[in-house]
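Structure provided below as structure tokens; questions to follow.
Each chain gets a letter, A, B, C and D, in the order it is written, and its residues are counted from 1.
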Amino acid sequence: MHMADALLSPAVGGAMYAASAVTAIYSVKKVKEDFSPKKVPVMGVMGAFVFAAQMINFSIPGTGSSGHICGGILLAALLGPYAAFLSMIAILLIQCLLFADGGILALGCNIWNMAFYACFFGYFCLYKPIIKNGMSRAKIVLASVLGCVLSLQLGAFSVALETTISGISELPFSVFVAAMQPIHLAIGTIEGLITAAVLIFVFETRPELLNAEATENKFSLKKVLVIMGIVVVLVGGALSLVASSNPDGLEWSIGQVTGKDELDTDVSVHAALADVQEKTAVLPDYSFGNDNIAGTSFSGIVGSGLVAGLCILLAVIFGVYKKKKKADVEKT
Amino acid sequence: MGKLSDAIYEVHYMDTIAGIDSPIHRVHPLVKLIVTVAYIWFTVSFNKYDVTGLITMVVYPVALFSLSGISFGHSIKKLRVILPFVILMGILNPFFNREPLFLLYGITITEGMVSGLTLLIKGILTVLGGYLLISTTRIEAICYALNLLRVPEILVTQILLTYRYITVLLSEANHIFEAYSLRAPSQKGIHYKVWGSLIGQLLFRSIDRATGLYDAMVLRGYNGNFRHSQLPKARWQDSAYLLVWMAAFAVLRYTSLTALIGSLFVR
Amino acid sequence: MSHHHIICSNVSFSYDKSFEILHEISFTAGHDDAIGLIGANGVGKSTLLRILVGLEMEFTGEVSIGEIKVTKKTLPRVREKIGYVFQDSENQLFMPTVYEDIAFAPRNYGLDSDQVEERVRHALDLIDIDYLKNKQPYKMSGGEKKLAAIATILAMTPDVILMDEPTIALDPRNRRRLINILNNLDHIKIIASHDLDMVLETCNRVILMSEGKIIADGETREILTNRELLEANGLELPFCLQGETGVSYKPSVPHTHIHL
Amino acid sequence: MSHHHIICSNVSFSYDKSFEILHEISFTAGHDDAIGLIGANGVGKSTLLRILVGLEMEFTGEVSIGEIKVTKKTLPRVREKIGYVFQDSENQLFMPTVYEDIAFAPRNYGLDSDQVEERVRHALDLIDIDYLKNKQPYKMSGGEKKLAAIATILAMTPDVILMDEPTIALDPRNRRRLINILNNLDHIKIIASHDLDMVLETCNRVILMSEGKIIADGETREILTNRELLEANGLELPFCLQGETGVSYKPSVPHTHIHL
């Protein structure tokens, strides 16, 4: 469910960054409140643990396929939601940088889609209320499955929403959603079951690991709902602002600043070069009718070819230069 | 399992290439971070029908691969992670948008085809942009840059520690999976009956590791903050690097360079 | 039954293409061999064991276990024949209790519950750890874990047992117990270890490795009493053969006290 | 300088209230003592070391290190005086390179970068591992990691060095090197180990533990040559003293071959 940079417009990416940052800052504050320095390395190792555990394939009975664990809920159950959120940020950042899973611009979206819903929504609205009055196997299964399914549904929905608002894919929103949700229903159930299996094992062997945090997070549904409400309004506002304007967010924002609808910085350059163009044109005048875009596009294609050629040439020159330098070094 | 050992190899490999020396490796991490973000930002901001403008952004990866000496081949492997999804979306575009854009040698080029192509190119360029950051900058340096950007200390420490322990836990997970597969030779994944205990054992071991690590740090005077080491100092070259690229991106983005060059030859 | 149970011919291997860890390793092992695999840190002992059990497949050359050539396809069949005890056996126990862990492999091979019970009982008796059967692995001491890991292997009824540093972290009594167990097992054994005294007591044959090659392969006593050979390859005589003179192996550095 | 650097009087300890791991442990150590701490698996050797370094604080009794009583308050000062090498030193290396790891403690103690550099250099020279300084810990062999872990300790310039099983996983040459290093260090040393041959070569004094109590405390040679005492407590004579007769320590079980 990792979003790629390519599917986003800058404005959507930026808005999601802002939303995730606000949540992160709040989480940092909460984690610091009952700060025991011992927790920091535990968080680090747990992050790495989820990272590693997500790479193990679990065969799903009756099918040939395999599933993974749902990191957010598991971490939230073990570390508490705030520390879990920070752990997830670290995981997602490392996945994006080291494994190119997700993108740098899309990181805000990915944090939101995969960490926020699981750590806060899944945890506070589902996991916690179910677990509150004592644990049992059945409750753990219910809480984990519901938590995973719902947070994944929200995540999948957000992916569709963010992509559509970015306006880069031509896929209609309805089709996208219709494709994403059922797939993630299945995935969520499986992840929930695997997560439940792990939590039950912990519950039955070292329950203190789960209880430790239960006492330390004073649960208040109201407070959470208020926070969630504020965040949703913030994000919703930002997104709808973007959506209502040109999907090309950068142009839109610059347009806002300069008060122009369109940027025509290249016009004067065009004029200056028109002369040169007259003299250097070596290709016959193709007729594309009156379609301006097409004309631009064709010369664009030619230009691209030239740029590409230049790049290759540059690369070759650099390569030769480097080899020479290496040889020089070896000589000395 | 292949996946786990691949991941271990990958971390080691990235660590190695980020540690070599080149003009790009020497650039201040904060500058590289800013340039990378700007590159990705400008790249995705191209209009979805503007293939030709987008193409010019290839200048950046080409220049960086050349200057840093990072091999291009390995980066292709990275593309395979996120690209399938992007390609899927891109391939669907021609079906959902059949507005004709122009005719090329008698073939009608639709908006969907063009936007699919830009999507693909954006996918490749953005992944390369990220790859060029991490393959020329160590994680510690990136964390230092985050520090300068006033990202909270606790989060930065968290990233560093997670990174530090990824190889350790990957190899423990790998180990436990190997032990499993030796005794269940014909299974592909972990049987559902063992889900809980297998991961649970890994979890306990992780916690024990965490405790051990924490003890070791405390015994050597750790008091909550990592002290960054060998902090790079900003030099004038760093400002130049920043300025040059920002200017270049702006030019590539806001002048139809390809169209200009092309129009020198086409009338 | 074939005469040679393990055949390794011209096996070379590298983790990343750059550096060859194993170079043209060839040896065979008959069905009554107990082989000690010795050599300095990092010569490739563990790597060789991993290749035999099919955990690394990118080698060149040929490996056969009991007439079956090791390939991707034959892997499940080959692995049924081999019991492999890791260097850190903590990682080998993944079930909630020792009993469950020992029963895991037999259950996978589709035995019915009576047969499984029988196998587990047998393995527990053999190692004499009946008292551990309901313990959870993470609550056990290092020595106990090692013994449990060996029991899980025995319940597979392998033809071949491979062990990587089995005596590490054991106190002398547990180590002695392990040696007795090894001496009572009638399997082909290959034991990689730095504990040469243990090798001396449990193996009839020693393979000495250095820099990814086999330097010597012969009768245990012959190799382990050859001081020059051992020292040239980063090892020492077994302590029991060094005798009290072991203490005279004085540091080559003069024994001065250093003030920090 | 005080005569007794470490004073431990009537220390008792349990992890969970139920079971007492250590029972009324008392001993003192002078500033030229090198003490071998021996005993079977699980007697509490590691626990005792953890108490000395203040990682477990719920003990009863009194512990002083160099005139300072160990309490929650004095902990930072006490810890500056002690260097502790864990049993699994992998856990101890957490920085990207060996250099960074060695520099970690001096930096935390607020030294400026020149002083840090100086300390690191000194520690590297002492152990003679300059070639490792830019290596990443996960790419190093077990022996190299152990040596690096020791270097990180030395850079703290401690008065007291505590080591838990330092020779584990080392090949004989690296083990020899470690013994030389230990013999050249002029600190108070307490070394917990099952490697009695190493203890014999590095310690002037031995403390033998059993079931959480000190059973014997005396001159190394005296204790390590006392076969009855050792065997009564789950140990054996050092191998170099067993001599070739070591091999005659035959299994008490008759040596029959068992077919599985």
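Assume a contact is a pair of C-beta atoms (placed from the backbone, for glycine too) under 8 Å apart; a residue touches a chain by one contact, two chains touch by 3 or more.
Since the model is a prediction, treat every value here as computed from it, not as a measurement.
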{"item": "Best-connected chain pair, where connection means C-beta pairs in contact", "value": "A-B"}
{"item": "Chain centre separation (subunit A, subunit B; CA means) in Å", "value": "13"}
{"item": "Whole-Å gap between the CA centroids of subunit B and subunit C", "value": "41"}
{"item": "Between subunit C and subunit A, distance of the C-alpha-averaged centres to the nearest whole Å", "value": "46"}
{"item": "Touching two or more other chains - residues of subunit A", "value": "201, 205"}
{"item": "Of all residues in subunit B, the ones touching two or more other chains", "value": "161, 164, 168, 172, 187, 197-198, 200, 204, 209, 213, 217, 222-223"}
{"item": "Set of all touching chain pairs, with the criterion as stated earlier", "value": "A-B, A-C, B-C, B-D, C-D"}
{"item": "Contact set on subunit A toward subunit C in their complex", "value": "201, 204-205"}
{"item": "Residues of subunit B defined as touching subunit A within the complex", "value": "1, 3-4, 7, 10-11, 14, 36-37, 40-45, 47-49, 51-53, 55-56, 58-59, 62-63, 65-67, 69, 78-79, 81-83, 85-86, 89-90, 92-93, 96-97, 101-104, 111-112, 115-116, 119-120, 122-123, 126-127, 129-131, 133-134, 139, 142, 152, 154-155, 157-166, 168-170, 172-173, 177, 187-192, 195-200, 202-204, 206-207, 209-211, 213-214, 217, 222-224, 254-267"}
{"item": "Contact set on subunit C toward subunit D in their complex", "value": "39-42, 122, 126, 141-144, 154, 157, 165, 168-176, 179-180, 183-187, 194, 196-197, 200-201, 230, 234-236, 238-247, 249, 251-253, 255-260"}
{"item": "Residues on subunit D engaged by subunit B in the complex (per definition of touch)", "value": "53, 55, 76, 79-80, 82, 84, 86, 88, 90-92, 94-96, 100, 103-105, 107-109, 136, 138-139, 152, 156"}
{"item": "Complex interface listing, subunit C residues touching subunit A", "value": "96, 136, 138"}
